[in-house]
Every structure is written in structure tokens, then in C-alpha cells.
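Encoded as C-alpha cells, here's the structure I'll be asking about.
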Amino acid sequence: KIGFVTTLTTPAAVIGRDMRDAVELALEHIGGRMGPETVEVIYGDDEFNAQKGKQATERLILRDDVDLVAGYIWSNVLLASAPVVLSAGKILISANAGPAPLAGRRCHENFFNISWQNDQTPMALGELLNQEGIRSLYIVAPNYVAGQNMVAGVERVFTGEVVGKDMTVWPSQRDWSAELSKIKAAGPEGVFMFYPGPAGPAFVKQYQQAGLIETIPLFSVYTFDSISLPLFQEAGIEAVLGGKMTQFWAPDMQNEQNRKFVTAFQTKYGRYPSFYAAQSYDSMFFIKSAVEAVGGNVQDVDGMRAALRKAEFPSVRGKFRMGSNHFPVQNFYERTVVVDADGNWTTSAGPVVLEDHQDPYAGQCEMGG
Amino acid sequence: MTERPRELHLEARGLNKRFGGLQAAADLSMRARHGEVHAVIGPNGAGKTTLVHMLSGFLRPDSGSIVFGGDDITSLPAPGRVQRGLARSFQITSVFRDFTVLENVVLPVQARQGHSFRFWRSAMRDPSLTGPARVLLEEVGLGDRAATLAGHLAHGEQRQLEIAVALATNPSFLLLDEPMAGMGPEENRALIDFLGGLKETHGMLLIEHDLDAVFALADRITVLVYGRAIASGRPDEIRQNSQVRTAYLGEALV
Amino acid sequence: MLEVRRVNAFYGDSQVLFDMNLAVSSGEVVTLLGRNGMGKTTTVRTIMGIVRTRSGTITLNGTRIDHLPSHAIARAGIGLVPEGRQIFPNLSVRENLIATARTPSRGGPGWTFERVIELFPAVGTRLASAGNQLSGGEQQMLAIGRALLTNPLLMILDEATEGLAPLVRQEIWACLGSLKKAGQAVLVIDKNVEMLAGLADLHHIVEKGRVVWKGTSAELRADRSLQLRYLGV
Amino acid sequence: MKSQLTPAHAVSALLIALCAAVPYLASALDEPFYVIVFARIMIWAIAAISLNLIMGFGGMISFGHAVYLGIGGYAVGILAFHDITSAWIQLPAAIGLCALVALVFGVICLRTRGIYFIMITLALAQMVFFLSVSAERYGSDDGLNILWRSDFGSGIVDLEDGAVMYYTIFAVLMGCLFLQWRMVVSRFGMVLRASQSNETRVQAVGIPTYRYRLAAFVIAGVMCGLAGFLQANLERFVSPDMMNWHRSGELILMTVLGGTATLFGPLVGAVVFLLLSEMLSTITIHWHLLFGPFLILVVLFARGGVMGLLGSRTTRD
Amino acid sequence: MDYVLLIEQLLNGFQLGIILFLMAAGLTLVFGIMDLVNLAHGSLFMIGAFVGGTLTLVTDSLVLGAVLMVPAMFAIGVLVETIALRTLYRRSHLDQVLATFGLILFFNEATRLIWGPEGLAVPLPDFLEGTVALGAGITYPLYRVVIIVIGLLVALGLYLLVARTRFGMLVRAGASNREMAGALGVNIPVLFSLVFGIGAVLAGLAGLIITPITQAAIGMGEDVLILAFVVIVIGGIGSVRGAFVAALLTGIIDTMGRSFLDVVLLLFLPPNAAESAGPALSSMLIYILMAGILFFRPQGLFPPRGATAAP
């Protein structure tokens, strides 16, 4: 029995839907079995809210009596919920959120992350900016922890000058007229923005309407994905084509597991999987590897943990390994928005920007046991 | 309760009040004595209610002062004036519609007993509150309506309650804004008798269009027109005053 | 014209009108008399459809109106001056007058804004003020003017002289007189039996929700004991 | 004066008995989850009672009431963050801070009436909310995890023990219910209720309403702060979300759903609101489609909320 | 300071204000005049965006979509009023809050079922794309200029409707005393349905107009609703003129806060503190504005007529 917490209601449910679809697909691919056991996945809805997420987690642990909990899009939901799972002595696997505390001081032997640490992707982007020769940068991001982390990540690596920075109200602000005017006035060589979910396309659209897209290149993390790109395409914002970002994965990465995943996902759901989907898909195989290692005896937490540390499973991103703080050590690639053979907009993986990268908090992690 | 000076006069000195372009009180001075009924009459819109609002502290005069029992109370807020013994009734009925009739009267009774920062004992089970309240209701003729919601009373009954609420604060001086309005002839007469009985112990400022009541009760009458006191004197003087007759009384009542 | 027959009405569970009967013919001035709380206002509210009849019928010119909504009853030709004035506080005096004005259904000149102002000059000077900034008496005049401007077949005045200065009160009586002369049907409730006796054609005394006596002014004047018993005069 | 036994009384008594028995029932039925659910419900009920005090009986509709949940909670969270876990410091801090904030807010808000009051309470609460969001030191909107519950020392009340935690909440709830009852029927309550219906008149009988309303506002703030204190301990977690305006809105909803200006309305409202969402949400993720119309139906057909439906009129001793 | 930036930000604030006004105007009609606390007004904003957006996509024309949306929203408004809200006018505000909250939940979920969680993107027609030069070096997105113009026209029309027509008088009369207005021959139920319909159209228009900029999302109306409430409270409830002034004030202050607060704060605070205080303070700004205005003018800037009478 696996509990999987994600967002199934509120506008952010688009992400949750992708994750759930990926989990369902994974279950299909493994025939609904891990080792000798049949798997049942019970979903919890965090309603885009830390308290509700925590309650959903409690429900899974106390009422549904799941053996292991995975999922979590949002850092704050994860931070609130983690103690519930960990104090019950069960294993927790984050399929998206990677907040700094859990990578550093508050790391835990039973906590694993199968995506990335929040800082990593923007650090890669900072590196990309340096490589592209951008010397002055304007930053726009939402004022919540992940937003702050993204900005901090870029700033940590970016060597040029940050000429302006706006942290906007999250999640309500959807009109950036004031910020765009400031950008125009500041005239930077590049703009970095981070808006997950449907806010991203809205930003880019306004960026275009303000007449900026031709003059100042826009960089981003997470914003151009298979959830937002159809919206861009629908709205005809061709300017995003060729837009660059960084990520650990892209739908066209060439390995067997990824090909299987992407093709199956497309056939089944009629759209490209997002990276959220990819991580969720991975998480199921990740769990499977552990369950098989203990021969289905999921009560053997020590055994499971040992197997998870080895991370021997087929991942859609090819190779990677678990770091000392149970966060992945992996490559980050440049990723470009392109048109695929069928005319759909997608992203394509480019050269490696950061190789075998480990997050900067791993050093603070003193894991018992 | 604090000891009050025996002679409590209420005095307005040069009150002025404007509403936009409208002068509702113009250099208005008057003096109402304790133990007397001082009636204020005048055409509709003359500023009578405005005067009561100012005397009771619900409106601040633009200038002028108000003296009660020898103290200047011009800047004293309304509740403070009541605590000094200056109570009022409202021309437009103003009772607690979702309280019972008894509760309506218990509240002022408790007000006169001092502060209400008492959190424990049930007010409606406190005989020191309900006792005087019931007595008062009997007096104004609402004794058998004690348990009715005030909002369910007929108009005339609400008028009676209005008086009872004002009296329950145990005032030494009453400001009555058209107490007779809406009451039937019989209730009217009863109220006249009742107020007449209070005269000994109370000062009263009576605003009324019911001239029978005015002439039956008043010891002194002031006539207001456009915010100005055009005449003041004993009832018979006023009755004869030709200016008053053209401005207010008309020919019917001579 | 108006006929109220065996009407029973309730507030919640408590019955207020008991087989109430009442008729007003065109051109007639008819009164409802009675002490406080006897059900006069309730009768009016029932006629207006604000309180619903539980049984009995109300007809206006032969058509039943007891199941119509209030506004339809008003449009059928009843103008109300309610107890307690009920001026619209958030409308200016002018708006209070013209908002619900209607032209007379019979044709003919009828009441106009100008005529009402002429009748109540005091109101005319405050046209731009908000309704609730008027003094009590001014509001009363406004309420009468407002009802007149709907040009009704039947005017109902519920304590329309309450709170009015004697001069104005006289004017209103005079006005009622001229309404009567002009053939306007009026149903009037007032405490001033003396004046009404000089004006009205027919009186009803209401006691505990019933008409206990009905008669002409002369009959009413003649019977002192009646006045004492039911009206306390 | 007269106290008839209505279905409302029976239901309220039953609910209280249920709250008292939940830990036993839960362990008997092997459903430990419901202990937390009910603990949470009771905390919301305390907060709703505090709101009912000013909103139901005093006519002061506060749309920022959850701010005291947050303040009470953060008093625990921040002190615990600095390794001060003694309840004898945390509790007075929570109460004192809530009283102070309520006093200041009350002074500002009570100048206004009606919707203006609603909006100004919202505005002030939003300020505290944004303040907590920007407090990076204390986790911004990620909130703070609380490692140790408040420590009452001496081992009599050990909140780390689930049952003790539960019954502490239960006891506080009972205390608040009792306090509410006494306050409402007392002289103070008379003034409060009268000011709601006609404040001018209260002043005209010689009562300076302002100080009574202010006192009620502060008492309600403190009571709600207590709920915040308990919530922080129960959840071992505080975040700005505790004082999001949505929470204030939910408090209003629960109170109205149960029945404003009734003694048990807030409790009933909290139970119905939270239990029903709990149950409906396990049936379908589209449960709002059912819950929304349910709320509308309650309003349309049950005047005075669920308590009204059960035949309770507003409380009058 | 750069005056081009300043003027642009003023325009931005103005444009935000216009959207707020369209929302607030409907609210002020329904709440201020009819005295119905309609939390679902935000849902009407959302429905306008989705319905209007869909009509736009179907007809392939934003203009046509907007034109068709008007009767659609009017019908939806009247329907909602008749089915769910009609009996609520006489009830307490709190009952209204509960019921209309129920409506929000229902509409949000229904929208999710119909349009899916991802929302709706509405493209801007080519002739509205791009920027216009306003002289003096200022270029401004054309579409935002269009929004400002539409908003001004609606504001004018609405003001005339409410303040100058008999319709407006009757609505205000009916709101202040339903029973009496009825007894004077006003068909209140029909009148109120009409008003509610107009409010729905205004909210829907606001929702649709902003969609090409922000896209339609579920729950998009809720934050706007709070802002709209702020606006009508600042403006004085029931006053269309007040709503207009307050909407512009709110829009401009909010925008100015977002644009210049960090610079201003740098004058007083060390960079670090300024950087973290800036966003917090700018999100608080309109609430501070409201609290301040209410503190000094407890009835808002344009108190409704009749609210200041003596007790």
C-alpha cells in the first residue's frame, strides 16, 4: 500500500493530474505488482495547502495504514507533512519538492527525494546564463519559499549584475504590468523568471504584449513544460520557441526507460508528460526496487532504506545516484523549446550544463544511522 | 449612586447647529428648571429634535454650551449625561426590537446601577434588576406584555415602552421628544397624568405637537421657528402671542 | 370599490384579524378607529398584500386582489401612506416623490409633482436633501405626497397626522377634504376622532381584530358611550 | 427563564458526549485517525465560539478572526524555535500577545460598523498575515515545525501524550462553552446583545457601549489565541496559512452553519463542517459539487443554521 | 526618477483600477444597493472569463465573444438570482455569506468539470496586439489602452443609469425598504433580478477582458473579489462614483507600491532589510490604505446618502 499526496483540486491540480497519470501508467507497466505483492496506491489531496496536505498525510498513515508515502509537489506541504510520516517510522519519498531544510539540517534517514533539490535547477540556469554571456539580469519570481530558493540558486552562480528583482504575491498575482514596465526601464540583457503552473504562460504572454520578447531574452526554470506549452501554442506565442532553460530531464532524452515512458504516456493520455510526471513515474520504479530487495516484506524498513540508497532502478533520466543526504546527484541539461514532428511544442534536451551535481546543502546533513 | 444637587436646571447657552446650508439651531438659549415642565413647540423642521440631540449628547453643537446642574456638559458624551440623570426618549421609536419588553427595561435599570462588567450572574434572574423593571412596566401600562418581543408590539405600545425605557434610568431630568405621538386618546390621557405626577421630582423638557398635552402639562413654553426661539413664556402668554399663532398654532386653537 | 370580507390574518401563530369586514365605495371617506394594538394597521397591511390573508377575500372594483403581490395591488390603484412614514432614506426628497409616481389610470389631470409641492411648500424647499434628513413632520408630508403621486383610486392613510404641527395637520385635513370633494376614495386611520367625524362618511370601530361598530358620523357623534368604550375619548 | 428541551439540546449533549468518548471509540473501532480529526474539530469549535461571542452576540463580524489563531500558534512556534518550550512562558505569551493585538485592533475597528467593520478587520489581519509570510527567519510561508509540544513541567499535563493532548483540548472547549454561556446571560451580555440591535439606544440609557464592545473583542481574541496555542501543539506546525483570510472565512461559515448567537451553534457548525468535508472528500474529489449546494440548502431551509433546524431559538436564559 | 516609467506605471495602475472598478461596480449594485453580500460575485467574474473565452474561441473573435457574453452572463445572473438568492434578501448578511460561499464551491467545481483544471487561454486578436506610442517616448500595450477606454465608458453609463434614471431610483428605493417600495407598486423581484443580471454582466465583462492577459483559471475571482470589496468600502458602499474613484486609487497605489516601494525603502533601510520588507509591505499597501481611510472616514470616501443623518 502506497500513499501518494499531490494536488487534485484548485488550479494547481493540473500538476497533480500529470503526476497521478504517471503513477497509474507506472502501475500498468509493472503489472500492478512489486515483488510478490500487489500494489495499491491511495491518493491524498493537499488542496494546495500545507495544513490540508498534512491532514491528507495523516489520513493515509492512520486510517489507510499505508506502508510508505510518496508524492508532494509543494515544499511547504512536504515540510508540514514529513514529521507525520517519519515519526510513524515509515519511508517518505518526495516526487517533486526539494526544500533546503530536508536536504540539510533536517535530513532524515527515512526521507528520500527522487527529483532534485530546489536550488539545483536554478544553479544550472545561473551557469547557463554565464555561458550565454549575459551580464545584466532582471529577476521576477513569486514571493514564496520555492520562489526565493530559485532566485537564490540563480544568484549563487550567476556572475553578472542583477539590476532588478521583483518578488510578487503568490499565488494570486497574475498581472505583471508594473514589473514589465520596470524591466523595460531597466533594460537588462536578460530576464530570469520562475512561475510554476499556469501562471508561467500568462507571464510570457504579457511579456510579449509589452513588446519585450523580441528585445530581451527570457530565461526560466520549470516554466516551459508540457503543461504550459500547449497553452503557449494555443495562444500562439511563437516567441517562446527557442526559449532556453535547464532541467534534469526532457521528453526526448534517449534511454530505453524514457522512450517507453514517453511513448506510452502520449498514447494513453494524448499529451507529452511533464517533468512532474517523469519524477512520479520514476518514484514507482524506485519503490519497486526497494520492495523487491526485501522480498515484499515492507515492514523491513532498514532493508528498504538500504535498497533505496543504492537506487538501482531504471530511471527515465538515465543514470543517477543517491547522494549522502538522500537527494539525487545528477546531470542538468540545457533544454530548448522546439516543435516536434507532429507540430506540437515540446522541449528538447541539449548539452549538459552541470554534471553530476550535488546540492549545496548536503554538507549540513548529519544523518543518524 | 452619586448625590445630586437638589436643583437641577438644564440650560442651553447660544447653541448653533448647521446642516449644510440649513440652520437647525440659531443662537438658541433656554433654561429649563427642575420641578417644571418646559415645553418646546414649533413647526415641523424647526429644530426641536435637533435641540434634544444636542442636549442629550447625540449631536455636537457647532458653538454654544450646555449646562446641567451647574456643570458644563457640552463635551460630555451621551452615556455620561444619562449617568448624571439626564435621560431622553426618541421621536422615532427606538427600542430593542429583538429583546422582550422586560429585557428592554432591565437594561436601563442595570445601567443606573453602575457599570455592567459583570460576567457571571444571569441578569434576567437578578431580582434587583427585574423587580424595578416590572414595577415600571406596570406603571406605563405594559405589565401584561413583559414577555412579548418588543418588535411585535403595536406602534402605540412601542411608544409606551419608549417612555418606560427612558424612565428606567432613574433620571432627574427627562427630555421627551413627542411622547404622545402614536398613542390613542386614552393612553394619551394616562400618560399626561403620569407625567404630571413626575413633575414634582423631575425636570422635563417636552416636545409635543399635541397641544392639549402641552397646555395641560407645561409650566413654560418656548416656541422654535427655523432654529430660533421666537417666544418663551407661560402658556397663556404663548397662546395669546400673535406671532406664534401665525407661525404655529393656526386658528383652530384659540 | 374596496371590499374586505371575512378576512382572517395571523402573525406567525397569533391571530390578529378575525373575520374582518370592511367596504369603501368610490368617492367615500371611510375610517378605521380603535385603540392601540387592535389591528388597524394589520388590516391595512393585509389589504396591501404585505400580510397574507389566511381566509376571506379582498376585492377592488370587483376583482380579487388578495392573492396578488403587493406591487400589483398598488398598481391596481391603492396608494399607501404607511404608519411611521417609511421614507426611502437613501433617495433625495425629489426622488422619493418621483420614483414611484404614476399617471392617473382614469386619465384626467391627477396629481403632479408641481401640485404636490404646492400642497406642501415645506417639502419643496428640501428637494435635494436625503429623505431621512427631513424632520419628522416633513417626512410625513413627503409620505403623503409620494402616495398622491401614484394617483391611486383609493388612498389609505395610516396615522398620517402623527407628529405634525397643528397648522400642517389642519392643512392635511383640508387636503383630505378637497380629495373627498374631487371624488377620491380614502380609507383613513387616525386618533383624532373629532376631525374625522367632520370629514368621513362612514366609520368602523375595530376591537381585537373585528369591526365591532359601523356607522355614520352623526351616529358616532351621538353615541358618547361608544366613544368612551372603544376609543377612550 | 424557561428552558424547554429541544432537539437542539439533545444533539448538543450527544455531541459533547461523543467528543468525550472519541478516544475510546476510536481505539475500540481501530480508527485512530478520528482522534486527530476530533481534536482538530474541537479546536476549531473553540475558535468559532470565540467568534460567536462577538459576531453572534455582539454583531461584530470579524473577517480577520483567524489572526489570533495564528498569533497564538506562532507564540508557541517561535518560542519553541528558540528552544523555549515551557508552557508557563508560551501560554502567557500567547494570551498576552493576543490580548494586546486584539486591543489595538479593537480600538481601530470599533470606530466602524457593518461591512466597514468586516473589511477593516480583514485588512488588519492581512497585515499580520503578510508579516508572517515575510518572516524568513521563521520559515516564511513554509511555516515552522514544532519539535516539542508545550511543556507544563511536573508531568501532570504531558501534552506529548496523545490522550492528554486530546482531553486538554476537550477541557478547554468545555471551559469556553461554559464561559460563553455565563457571559451571554450576564449583565455584560445584556449590554453586548443590546448594542448589536440598537447601539444608539444603549448609549441613551447611559451605557458607554464602546468599552463593552472592546472588552468583548479582546476576550474573543484571547479565546481564539488559546485555540491557536492548542492547534500549534496538536499539529506541531504553524504557518501563515493559519491566519489566511480563508481561515477567517471558514470560522464565520462554521459559526453560521451551526447557528449564530446560539450557545452550541459553533460546536455543531465545526463538527458538521469539518466532518462532512472529511467524509465527502473521501467519496469524490469533486465533493465541492455536493458541499456547496448543501450549504445553500441549509441557509434556505434552516433559518438560524443547523441549530435553527433543530428548533433552537437564540439564547436567552 | 524616470518620468517615462512613472507615467507608464500610472497607466498600469489606471488599467488595474479599471478592472477593479468593473468588479466593484457590480458589487456595489448588488451589495451596496440591494444589500446582498454576494461572495459568488467572484465566481461570476470567473464564469465570464470561461464562458466569454469559450465564445471567443468558438466564434474566433474576441469582440464577438464579448458581445455574445453579455446576454449569456445576464441570463446566468438572473438564473442564479432566481434559483438561489431570491429569498435571501431579507435574511442576515451572515446567511447570505454562507449561501454564496456554497455557490463559490459549486461554481468552481462545475467549472473544473466542464473546462478541466488547466483553465482556458484566450488569444488576443492581431489588431489588438502590440504597443502604441503615446508620445514623449512612452509606448504602451494597445490592449491595455482598450481596457481603459472600455472601463471609462462603462463607468459613465453606469453612473448615469444609477444616479440619473428612474430605474436607479427604484432600485435604491427597493433596497432600502422592500415592503414599502412594493406597496407603492414597484415589482421588486423583477427589478432585483435585472440588477443582479447587470452585476453579473459587469463581473463577466471584467473577467473576460482580463483573460487575454492573465488567462482564465479556476478560482480566479476570489482574490479579485476581496480587492473589489476593499474598493467599495474605500469608496463608500452603494456609490458608483465612490467605487470608481476608489478603484483607480487602489489600482494606482498598488501598482506604485509594487514599482517604487523597494526604491523608497532603500532610502531608509539597509539593502537586505529593504529587500525582504519590500514585497511584504507592497502586498499590505492597499490594506493599509483601507484601514487608514476607514480610520479617518469610517463610512468611506463617498458615504452613501442618508447614512449621516442624526440618530
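Labels for the chains are A, B, C, D and E, by order of writing; each one numbers its residues from 1.
Going forward, a residue touches a chain if its C-beta (ideal position, glycine included) is under 8 Å from a C-beta of that chain, and two chains touch if they have at least 3 such contacts.
The model shown is predicted, which means the values in this text are computed figures rather than measured ones.
Most remote chain with respect to chain E, judged by CA-atom centres, is B. Set side by side, C-E and A-D show the greater C-beta contact count at C-E. Here the CA centre of chain C is 51 Å from the CA centre of chain D. If each chain is reduced to the centroid of its CA atoms, chain A and chain B end up 75 Å from each other.
Between chain D and chain E the centroid-to-centroid distance comes to 31 Å (mean Cα coordinates, whole Å). Listed for chain A are residues 9, 143, each touching two or more other chains. The set of chain C residues that touch two or more partner chains comprises 133. Contact with two or more other chains is made by residues 133-134, 136, 200, 288 of chain D.
Listed in rising order, the residues of chain A touching chain D in the complex are 8-9, 45, 49-51, 54-55, 58-59, 62-63, 75-76, 79-80, 83, 99, 106, 143-145, 148, 170.
Chain C makes touch with chain E in their complex at residues 48-50, 69-75, 79-80, 82, 86, 88-92, 95-96, 98-100, 102, 130-133, 146-147, 150.
On the side of chain B, the complex with chain C involves touching residues 19, 41-46, 48-49, 91-93, 152-157, 178, 181-189, 209, 211, 248-250, 252-253. Chain contact summary for the complex, chain D toward chain E: residues 55, 61, 108, 111-113, 115-116, 119-120, 122-124, 126-127, 130-131, 133-134, 136, 200, 245, 249, 252-253, 255-257, 260, 286-289, 291-296, 298-300, 303, 305. Every residue of chain E that touches chain A in the complex is listed here, in rising order: 2, 4-5, 8-9, 12-13, 15-16, 112, 117-119, 121-124, 129-131, 139, 141, 143-144, 210, 212-215, 217-220, 223, 255, 258-259, 262, 275, 278-280, 283.
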